[in-house]
Structure formats: C-alpha cells, structure tokens
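Residue numbering begins at 1 within each chain, and the chains themselves are lettered A, B, C and D in the order written.
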Amino acid sequence: MAKTYIAYISLYYIPQGGERMTQQAGKSKFSVQFIAAVIVALIVGVAIGFAASGFFAGPQQGQPQQPAGGQPSASKKVIQIGFTLPLTGSLSSIGKIWEKVAQMAIEDLNKEVQAYGFNVEFKAVILDDGTSVDKAVSNVQTLAQQGIKVVIGPAASSQVKAVKSFADSNQIVIISPSSTAPTLAIPNDFIFRTVGSDAGQAKVLAALAFQEGARKVIVFHRNDEYGNAFADFFAKAFTQFGGKVVDMPYQPDLSDYAADVNSLASKVQTEQADAVVLISFDTDGGNILSHAAESSILSSVRWFLSEGPHGAAELKTPAVGAFAAKVKLLGTRPLFVANPLYEEFKQKLKEKYGVDATVFCDTLYDAVQLAGWAILRAGSNDGNAIRNALVEVAKHYYGVSGWTIFDSAGDKAYQDYGVWAIVKTGAGYDFKDVGFYQNGQIIFTEKPYP
Amino acid sequence: MIDVVGFLISWLTFLGIYGILAVSLNFESGTSGVTNFGKVFFYGLGAYIGAALTVYLFLLLSGVDTSKVSPFDIEGIVLLGELATKNPILDIGLLVASLVLAFLVAGIVGYLLSYPIIRVGPAFVGFTLLSTGELFRIFVQHYEPLGGSKGIMSIPHPFAWVPNPTLRALLYLFIVLGLLALTYFVFRRLYNSPLGRTLRAVRDDEIAALCLGKHVPRLKAMVLFIGSGFAGMAGVLLAFYYSSINPDIFVPAVTFNVWAMIILGGMGNLEGSLLGAAIFTLFDRLLAFVTPQLGITIISPDYIRGFLVGFLIVAVLLFRPQGILKEGKIETPAWKVYEEEVKGEKSG
Amino acid sequence: MLPLDQNTIINFLFYSFFYLLFAVPLTLSYRTTRVLNFAHANFITYGAYVAVFLNGLLGNQSLLLSCLLAFLVSGTLAVASHIFVFKPLSDRGASMSLIMIASMGLWIMYNYVLYMLADIAHALSGVNFVSYGRILYNDVPEIMIGSLRLSGGFIAVSVAAVGMVVFLSFFLNKTLLGKAMRAVADNPVLAEISGIPRNKVITVTWVITGGIVGIAGAIWTSFSGTVTPTTGDAMILQVFTVAFIGGLVSLVKTGIGAFVIALIENVGISFLNAWFGVPTSFRTFLTFVTLLVILIAFPPLGAAGGLPFRYRRKRGEAR
Amino acid sequence: MRKVANILEVNSVTKTFGGIVALQDVSINVPERGVVGLIGPNGSGKTTLFNVVSGFYVPDKGEVWYHNGGNSERIDGLNPNEVFAKGIVRTFQIPRLFKSLTVLENLLLTPYGQKGEHPLKAINPETWQEEEKALAKKAMELLKRFGLLEYANVRVSELSGAHMKLVETIRGLMTPARLFLLDEPAAGVEATAAHNLFRLVRELNAKGYTFLIVEHRIEVLMQYVDYVYVLHNGQLLAEGKPDEVVSDKRVIEAYIGEANA
C-alpha cells in the first residue's frame, strides 16, 4: 500500500522539462518509460506481496493455521465470511449500521459454535461496494479469490443481479439481506435472500390501507426497481380489495423533493384521493414527509409507508412527528411480531454500538448465522455443499427475523409483517411497532394515535 | 491462498472493458479536443442495445413467443438461462451481432449528437454530453420495452455452453482482450496518420484549423462516431460479462473514473490510457484485499480512496500535466523523409 | 384544472430563489475567470454542512451565524481552489478543458473530505451526519399574510436572493472593483493592458462566488427535508443548466433562467402530468431537454470557447 | 462589368452588428499578382472585412467574388474552410499555429483534402504513405529555402514571434493557394524582422502570388505595396498608390483623430 502511494507521489515531482521539450530528447522519454516500468514493477510487486501474505495468512481449509501474532486462538481453524455492504454511496446511512450488525453477528456466531465444541473461528471480511454495481462485482470476485465461498450482501437488487452470473458459475453462495426484487426469485441458483419478497409486504400494506378506510390512494414511489415492483404489487392487491390506485413515480437521488411533493399535493386534490402510499428509502422518505408536513392538502389525507423509511432519524423530528399524528401515519415492515429474540437483539445492538436497529438489520444478522452454520454443516469449502447445507440449516433455524426457511427460489418462505407508527415518547418521537398482519387482516396491539 | 488465475482473469476482463473506454475517450478528448463528459451514455447505449437485441432475438430464434414470455419476467429469465447452455452458435452469434449493432447505433447517435454541440465550446460540449447521459438513464428507467428500472437479466453468456467456469471466463477474456487490441490498433493507426495530425490541430486551435480548410464540425462528428462506437462495444462486453444490466450501472461516476484514468496515464497518449486504466483497476482490486484487515475504522478507507482519486487528478494536472506518459509525436513516413534530408544536409 | 395553488407558487419562488443564488455566482465566476467550476457543487454542500455541523455538534440555532460561517468556509474554499489549482494552471496556459477537468478533480476530492468530516463528527457525537433532517432556526421569523404562512426558510432565501441582486447590481455598476470585474469579463486581454489588477479581481470574484453560494447552502438546510453530502451534486446539473441558459455570460439571462427552470420543475411538470399523463419522475428529464433545445435553437455563439459564428450548411443560411 | 485582371473583388459590402455598422458599402479590388494594403485606424473595419472575405461573417449586403484563372466564384457566405479550399490563405494578427505540433507538422497538415484525412484511409497507411512522403519533401524544401530547417522538429510553441509569422505565411505555400490575406504581419515584430517578412512577400509576389495585407505599421507597409485602401469608421476613405494616400488630407486627419482620441 504505502509503497504504491510513494510511487504516485514521487511521480508528481518529475522535473518539468519534459513538458517544454520537443521530441529531441530520447533520454527523457527513456526516463518516463523507466518510471512507468518502475510503477508497474511496484504494483506487480505489491500484488505478489499480497498474494504471498494471503498464502501465509489466508485461511487454508483443512489445515491448522499458523498463528499470526501469537494469539491464543492459534489452533482454531479460521473461516472467513465475506461481506459486501454499502458503506458509502446512497445507502450509506444504513450501511454503517449494518457494518456493526455484521461484526456483532460474527461475534455471537463464534460464541455459539465454540459452545457447541467446534474449534473454529469465523472472521468477517467486510468490503464496501458504495452501492455501485461494478464494485459489488469486483468485491465478490475479490472475496472469491481469497477462497471465501459465502458472501453476504450486496444490498441492492441491481447489484445482486450483476454478481449472479459470477456467483453461479463459481459456486459462491450469495445471501442478500435486503434485495427484494421479484425477478431474482430464480430456482436452483446460488442467490439466497433472507428477506420476504415485496409482493408479500405490498399485500399487507394494501390490507392495512383498506382496513383503515382508504378507498382511493395515490402510490407515490421511487422510480427504481424496488419502488416500481412494490407499487405494482400494491396496485394489484389493493384493486382486488376493491380500492382504486393512482400511480405516481418520482425520480430518486435528487437533493430535494419539494417540487415532487407539490405535484403530489395537486394530484391528491385533482384525484380526490383519500390516502397516500409512500414507497421510499430513508433519506428521500424523510425529505418527502418533512415537505408534506407543510402542505395542508397532504396533511388532510392518510399516509401509509413501506419499510424503507423505518428507522430514519429524519422521521423523528418534531415536525414530522406532529404530521404523523395528524395523518395517522402507519407503515408496514417485515417483522416477526413479538419475537423476543428481536427485542434482545435490538437492545444488545444499542448497548454495544450505540446504534438503533434499522430495517434489514435482523435479516442481515440471521444471514450471518445461517452462513456460519451452513459452512459447518457442509464440512467442506465446496460451494455446492454449502448451498445444500444452507437450505437444510434454514429449515431448523429461528432467529431474530423469525423462521428462516427458504422457498424453492432461495427466498425467505415465511415472512410476517408488522405495522409501525411514529409515536410521541418522553424524549420526542420514536418508531413503534403497533400491530401485525394475520390471516388477511391487521391486528393492532395498541392504538398509536388518539 | 489467493486464486491468482482467477484474480488475473477478473482483473484483466475489467481492464479490457475500461481500457476500450479509456483509449477511445483519450482519442476523443486527449487527441481531438471533444471534451466528452458523457462517455457513459454511449457505454450504456451499447450495453442496452446489445442486451435487448440478444434477449429478444435469442427467445425468438429459439421459437419462443416474446409477446407471451417476456424476457423481463421470471419465466423468460429462467428460460433464457436454460436455453443458453444448449445453443453455442446462437450464444456467440448474438454476441457478434450485438457488437456490430452497438457500434453502429452508438456511433450514429454520437454523430447526431455532435449537431447541437459542434458550435459551442468545451464547457458546453462536456456538460451537454453529461446531461444527455443522465437523460438516457432516466429514459431507460421509464421505458418498459427495455426492462425499465428492472433492467435486463439473463443475457446469455457467449460461452454458457462451456461447462468449466474458469475456461468460460478465460474464453470471454480472450474476446475482451481481442477487442481491446482491435480498439488500440484502430486508434493507433488513426493517431499516427494525417487525420490524427489534423485532429490535434483542431484540438489546439479550432478556428485556425477551420481557416486551413479543415471541416471542423465534420471532423468532430466523425470522432464522436468512432469513439462512441467503441464505447458502445465496451458496453456490450460489460452486459455479456455481468449477464445483467440496469440503469443504475450507467451513472456519471463511470465517466469520471475513465477521465481519471486518461489524465493519470497521459492525455493524448494511447498507451498512457491503458496504463492509467491498469493502475486504477488494479489499485481498486488490491485495496479490496487490504481494507477488510483494518476492521471498523473511524474514517472509511473508501473515502480515502475516493479522495485520492480526486487528489490524483488535481495533482497530476498541476505537477505533471502530461500524465505518466506524455503525448508522443505523430509517426508518419514524413519523419523518415525528414531524417534523410537532415542527414543529407549534414553530409552534404 | 390548473395546478396553481399557494403552495405551488411558494415552491416555485423557493426554487427560483435558490437557483438564482446558486447559478448567478456560477455565471459570475465563469465569465470573470473562464473556469467552468464543477466544484461549485461543493460550495453548496459545504455551506449546508457548516450549518449542519454547527447544529449537530454545537446545537446552534441561529441561521445568521450559520450563514456567516458558511460564507467564510465556502469563500475560503473557493479562494483556496483558485490559489492552489486554477491560478497555477491558467498561469501555465492550460486549456479551458484542462482547468475544467481539474475542477472535476477538486469536486471529487472535496466531496470525500466532507464524507470524512461527517465520519469524524459521527464518531464524536454519535449523530448521523450522512443524512441530516431539516434544521429549525430560532432567529428567522415566520410571517403570516392572511392565511398564507411564509416559513422562516422562505423569508431567509427571499432576503438573500434580493440582497444578492441588489448587492451585485450595486457592486458591478457603481464600485471601481465591480467595474473592473466587468471589464475583465468582457475582455481579459484588454483589461490587463489597461492596468486592471486582474488577479485581485479574480480573487474577489471567487470570494463572492463561494460566499454567496455558501450562504445559500446554509439557508438550504432550513428548506430541504434532508441534507446529505451529495446535496450539491444532485442539484448541480440543474444549476449548470440555469447558468447555461444565460450562456454563462449574462447575469440577467441567468436570473431569467433560474425562474424558467424553477417554473418547469414546479409548474411545467404538473401541467404535463395533469394533461398528458407524463410521469412526475420526468422532472429532471425535462430540465435536460430544455437545455438541449436551447443549445440547438439558440447556440450561445462564442460563449465558453466555441466557434464565434454559426457553421452554415448552405450559403448565407444565417449570419 | 468586372475587370478580369482582379483576383478578388469586394462589391459594396455592408456588415452590421446589432445596430453598429462595422462596414458600410465597402468595395475593394485586388488585382492578380498585386500586393494591396488595407489600412485604417483602430476599429475602422479592417479585420471585419477580412472576416467577411475569409468566411467568418456573412455580409448583410454586397458580394465577394474570387477569380481564379478563368473561374469566377462568389465566395461570400461560404464557410472559412470552403474559402480556404478555393485558394485563399489567411493569417492572424497573433499567429495561430498549432502549438503542440512541430513546424514540419504544421506545414504538413495544411494541404487540402489529403487522402490520409479520411478515417477509412487513415487506418490503412498504404493508401496515404506516398502522398505523405511527397508532402514531406515539399515541406522540407520550403523549410530549407526559408532557413527554418533546424526548426523542423521543434514545437511551434517554442518559436520566436517572427518565426511564427514566417511559418504561418509559408504554410500557405504548401497549397496551390493564389491569394494570401495577411493580418498585421508586422505587429509585435521588431523592425528588421518586419522588413524581412515584407521582403519575403515581394519575393513571393514575383513568383505569382497575390497579397492583401492589413497593417497598422504604415511606415513599413508603404514601402512594399502597390496599392492601398484606407478604411475609416467602416467606410472606404481613400485609395490609391502609397505615396498618394500618405499625402491625402483625409487620411492624415483620420489618423491624427485617432492619435488625439
């Protein structure tokens, strides 16, 4: 590393003569080529260095590890689990929390497996993919090249799709905790998802909206794969109930959505809608709600949200909180209701890292647990064996996200959904789960809004 | 143990794709002075043309009615995956067809786009192309016949019928490197020709070139045609490599990455772009081996990496504006004549 | 049905004023310095983040204080970019595109510096700075006109926009330095010959540019629902479009451009949606189409280093 | 009725820019194998006239005719590159050479319509190599003749101002051009070099080339031209042989007026 930087820096200080010079001097040309050669040599050297260090320090399945730094756990077999998470880029605010969840999950997993007498230690290899497709692919490749067979992530469906081809042909098991695109429900591949598909949640959201009395709703959704697919499913379910749906996409990744919210308000007025269904992520959702709070039209209709904005700090502000109370804002999210494990997990995360569990933290945690046990069950570092083991392990596992059984397409088969609201607490406003979905209807455990 | 073969294959494939982009961008921007900040547009256009053509034609030629089985639904996606392993001729044939069509369409679009921009300066050219790229991305997100925001999946790999994954990747790598070599060869020839000389003149001083009878608008349109055509082919290569594309891949950041490569390598030096592309792609990959060892850090190493990219651009421009390899002279037979004359002069 | 209600008009004005505050300095800096500055986005974001950090770390609730500091920070950033990057490059005779690319490098660099700062601030306070909600200030009043509520942010941005217009028209027309600035913009070579201290003029231009944009960025935090390190980036394409409508030369036309783009983004898209069913997510698409149409129909001849005349297809087609 | 002996005829050309009249009803004739001067105070419209002739501006009124051999063509409204293709070479007040190219390359790229400029031919060197070699020979001869051989392999950005002007002028000799439009060849050049340049002009004139020269330094110009046009405020003020013009009262007034302003 350091070497490469030094090489770069030394480059800037090459004498300026070269610029003025014409083609007379073969000498200078030579020196440039020489420098280029040196750089290439350095890079290759560094590469070989890494390769060599990997050779000495990397995980060698089936062989006891040489101690690196004389740790007491020297005799333990180290097994690496790869992660590619959005630590930078548009999903970075939840990615940062996921990073901590991943660390915690690995720690817990180690404790658990060692308690069972396995002499192994799992190690997280966390890479950032910046929510970019190219980086997700190169991360998965890099992880695979280190001998890692199970990779958790990437977050976005577009990324999962791009790594699918490499994963399938190289037998790398991919477990995404948050990809929900219906087009990825492909049987017999190496892609697993520990989260229920949007189709399920859209149905719950539709049931919620209908049960709450909405008959004509405007679906205001991100114009990306997540938003469009969710909106489609919602529309299908809601029309089945007998309601009417007006579709209204907005372009994500803008700096502000005031103009879009304004269009929404006029749409609500012209269509005489009685509710708005917002399908968004956290940042855009917070932005939209804080603008909506200023509009009298939008304050007079009901609001129903997807799981995206759940947990976002922007929604805890007084303005949005008051707005939520006014419009009786309710949202759905994948959740195993009254799951004591989840409550414990939430608390532990808060104590240990000081962060609140957001959306998909539970699915990520369970993805890690499943991966670990599947590797142990497979007993070898063979992708195919791990895949088969994963399916089996998941059948007998109940984690913070509930039952983890996979369906034939490798997606979570049984997903419960909870209803959340923003309620006033002593310190301000906070998220609260106030109900759940059962047998086609929403059952409220408490009344969030007076 | 690190899988060195796998590392080389995956790195070189990326390098090949980015190398094509970098060389063609360098020819446009470094040699000819068309500040193309919309490279990703043509890259994405090529990828979409190749991908859409392939999935539709593949299904149609396999006797599937695409009006019933859409290539964007689960059924179509699964079907494509199954069919691809059985039909080598179609797999390869469609790659070739995609490359040709993507070259032509991306090239023609580049040619047409030159109309609004030929009369304005580099600032406008760069910015117009940049926003055209965004325009394209938003459009594709809405356009269902191209998969909309879902993108296109299960693009049949040209060597899907090869059972061994390493061999499959290796064969594809040969195609990528072959096209990179072709790209390099074509641009090398163009560069060392009277055309290259004229284009450099246009870059140096548009107005003077015009007064010397050079049809500047036509030249620029031509450069955009060729450069965009090759970028389109790079897009096809990407689409077939990933087997899936979607609008999120084609964000302006891709263009800026390629720019950083050619600036580091040397504006106006084709070998430099290859070197720049190699350094950048390799650096990224090596970094991915190091960063996990650091654990949770206060500042994400990727921020430092991003910072260094920007810093590198600025520092290279300030301290070594010609890049690692500086612009060479235009190698034509004229220099042979020159050397003979000078020798004759000395001996005479 | 015309989607014209109070909120639409308020929003339209909000956007107009912000575009005005963002784009007029961009045009000013371009025409004086001939640098098409991509790092302009950073001036916005840094201005906003000055306010965010003040609020998140120190609990500041004064918009005035935030604006003052944002002026200083963004102004310093602009001058530093000039002294360390743009000036050395242009002294060496680097081409316009090269300087433009350098500004692109700065853009990337500053952006990641901000991410790092947000990380450090996060480590210090535990607050999430990568996505920060709207800030409530206690020193800007809300005004009620009849039933119309004008938020504090609206008051602030109106005052800032009007203030900038008044300041610039006074500064450029009445003061010696302002006149010198115009002279440099009109003809840098001639200005130099006639003894105008070009360097000083350019430095002042950068201070004004960075400063005004920084203030606007700080005010943005009282308007927008969320501030992220990409706030400026996500907006910069629109801001550039506005400036391009002014041909990067005319401040007045840039001002008109601000209103045109704000109109298209707030009212135009609603009309298209109501009448033709164009999805509202086409909002940014519409902005870029406007730009392309303008470039094809009225190419800004000679601006930004282009050909000083229109290439003709047929003899005497146009002049 | 045109005099066939003229190579260039500007017939009552008017050009306005948004209300400002840059040229009003200006007519000048450049005879075949002549050396014609065009003078006038700053802002009198000299450069505008050049821009009209070389194709940058389309005149509002009037015509520009170019007679090459027996061929008469109207060239106003053509694009600059088309004007060049007809055989008119233009230079600039501040030499506009291609800075990143060498002197030799600057000469080589001048000829119009080279085979190797076509992309499909450029890829295949066989098609253009011979032409290129022939051009190189011609260029080397020119460089030798004007004592620039040692600079052939030097980037023009490193040349002195006088050398740049020289290169810019002889660049035109690479083409079959007949008419040279020189924009202030003596500006920014010391006296000896300026005289050398004008001597070169006469030398070339003797070989059959025609010149139309805009020049501010009248004292140098007048020694070398056959005929002079004087522009003032966009209008033709006077014309005639150099000594006639110099003694013309109106011309003196125009220049004194400028000096006093």
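The criterion applied here is as follows: a contact is a pair of C-beta atoms (placed from the backbone, for glycine too) under 8 Å apart; a residue touches a chain by one contact, two chains touch by 3 or more.
Computed from a predicted model, the values in this text were never measured in an experiment.
Engineer: Of all chains present, which has the mean Cα position farthest from that of subunit B?
Structural biologist: If we average the C-alpha coordinates per chain, D ends up farthest from subunit B.
Engineer: So which one's got more C-beta contacts, A-C or B-C?
Structural biologist: More contacting C-beta pairs are found at B-C.
Engineer: Take the average of all CA coordinates in subunit B, do the same for subunit C, and state the distance between these two points in whole angstrom.
Structural biologist: 32
Engineer: So what's the Cα centroid distance for subunit A and subunit D, whole Å?
Structural biologist: About 68 Å, centre to centre.
Engineer: How far is the middle of subunit A from the middle of subunit B, if each middle is the mean of its Cα atoms, in Å?
Structural biologist: Chain centres of subunit A and subunit B, defined by C-alpha means, are spaced 30 Å apart.
Engineer: Enumerate the residues of subunit C that touch no fewer than two other chains.
Structural biologist: Touching at least two other chains: 115, 279, 281-282, 284-285, 308, 311.
Engineer: For subunit B, jot down the residues that touch at least 2 other chains.
Structural biologist: 138, 141-142, 207, 210, 216, 300, 303, 306, 312, 318, 321, 329
Engineer: For subunit D, give me the residues that contact two or more of the other chains.
Structural biologist: Within subunit D, the residues that touch at least two other chains are 79, 102, 153.
Engineer: Give the list of subunit A residues in touch with subunit B in this complex.
Structural biologist: Where subunit A meets subunit B, its residues are 1, 4-5, 8, 11-14, 18-19, 23, 32-33, 35-36, 39-40, 43, 46-47, 50-51, 54-55, 58, 60, 87-88, 99-100, 103, 124-128, 130, 132-135, 137-139, 141-142, 144-147, 156, 158, 161-162, 164-166, 169-171, 181-183, 185-187, 223-225, 227-229, 251.
Engineer: Using the touch definition up top, name the residues of subunit B that touch subunit A in the complex.
Structural biologist: 1-4, 6-7, 10, 14, 72-74, 77-78, 81, 138, 141-142, 148-151, 153, 157, 165, 168-169, 241-246, 248-249, 251, 253-254, 275, 278-279, 282-292, 296, 300-303, 306, 308, 312, 315-316, 318-322, 324-326, 328-329
Engineer: Touching residues of subunit D toward subunit B in the complex: what are they?
Structural biologist: Subunit D residues touching subunit B: 54, 79-82, 84-85, 90, 92, 96-102, 104-106, 108-110, 112-119, 122-125, 128-129, 132-133, 135-137, 139-140, 144, 149, 152-153, 171, 175.
Engineer: Residue numbers of subunit C touching subunit A in their complex, please.
Structural biologist: Those residues of subunit C that touch subunit A are 1, 3, 5, 7-8, 11, 14-15, 115, 122, 126-128, 130-134, 136, 151, 223-226, 228, 230-235, 265-266, 269-270, 273-274, 279-285.
Engineer: Touching subunit B in the complex: which residues of subunit C?
Structural biologist: Within the complex, subunit C touches subunit B at residues 30, 36, 85, 88-89, 92, 94-98, 100-102, 104-113, 115-116, 119-120, 123, 237, 240-241, 244, 248, 279, 281-282, 284-285, 288-289, 291-292, 295-296, 299-301, 303-308, 310-311.
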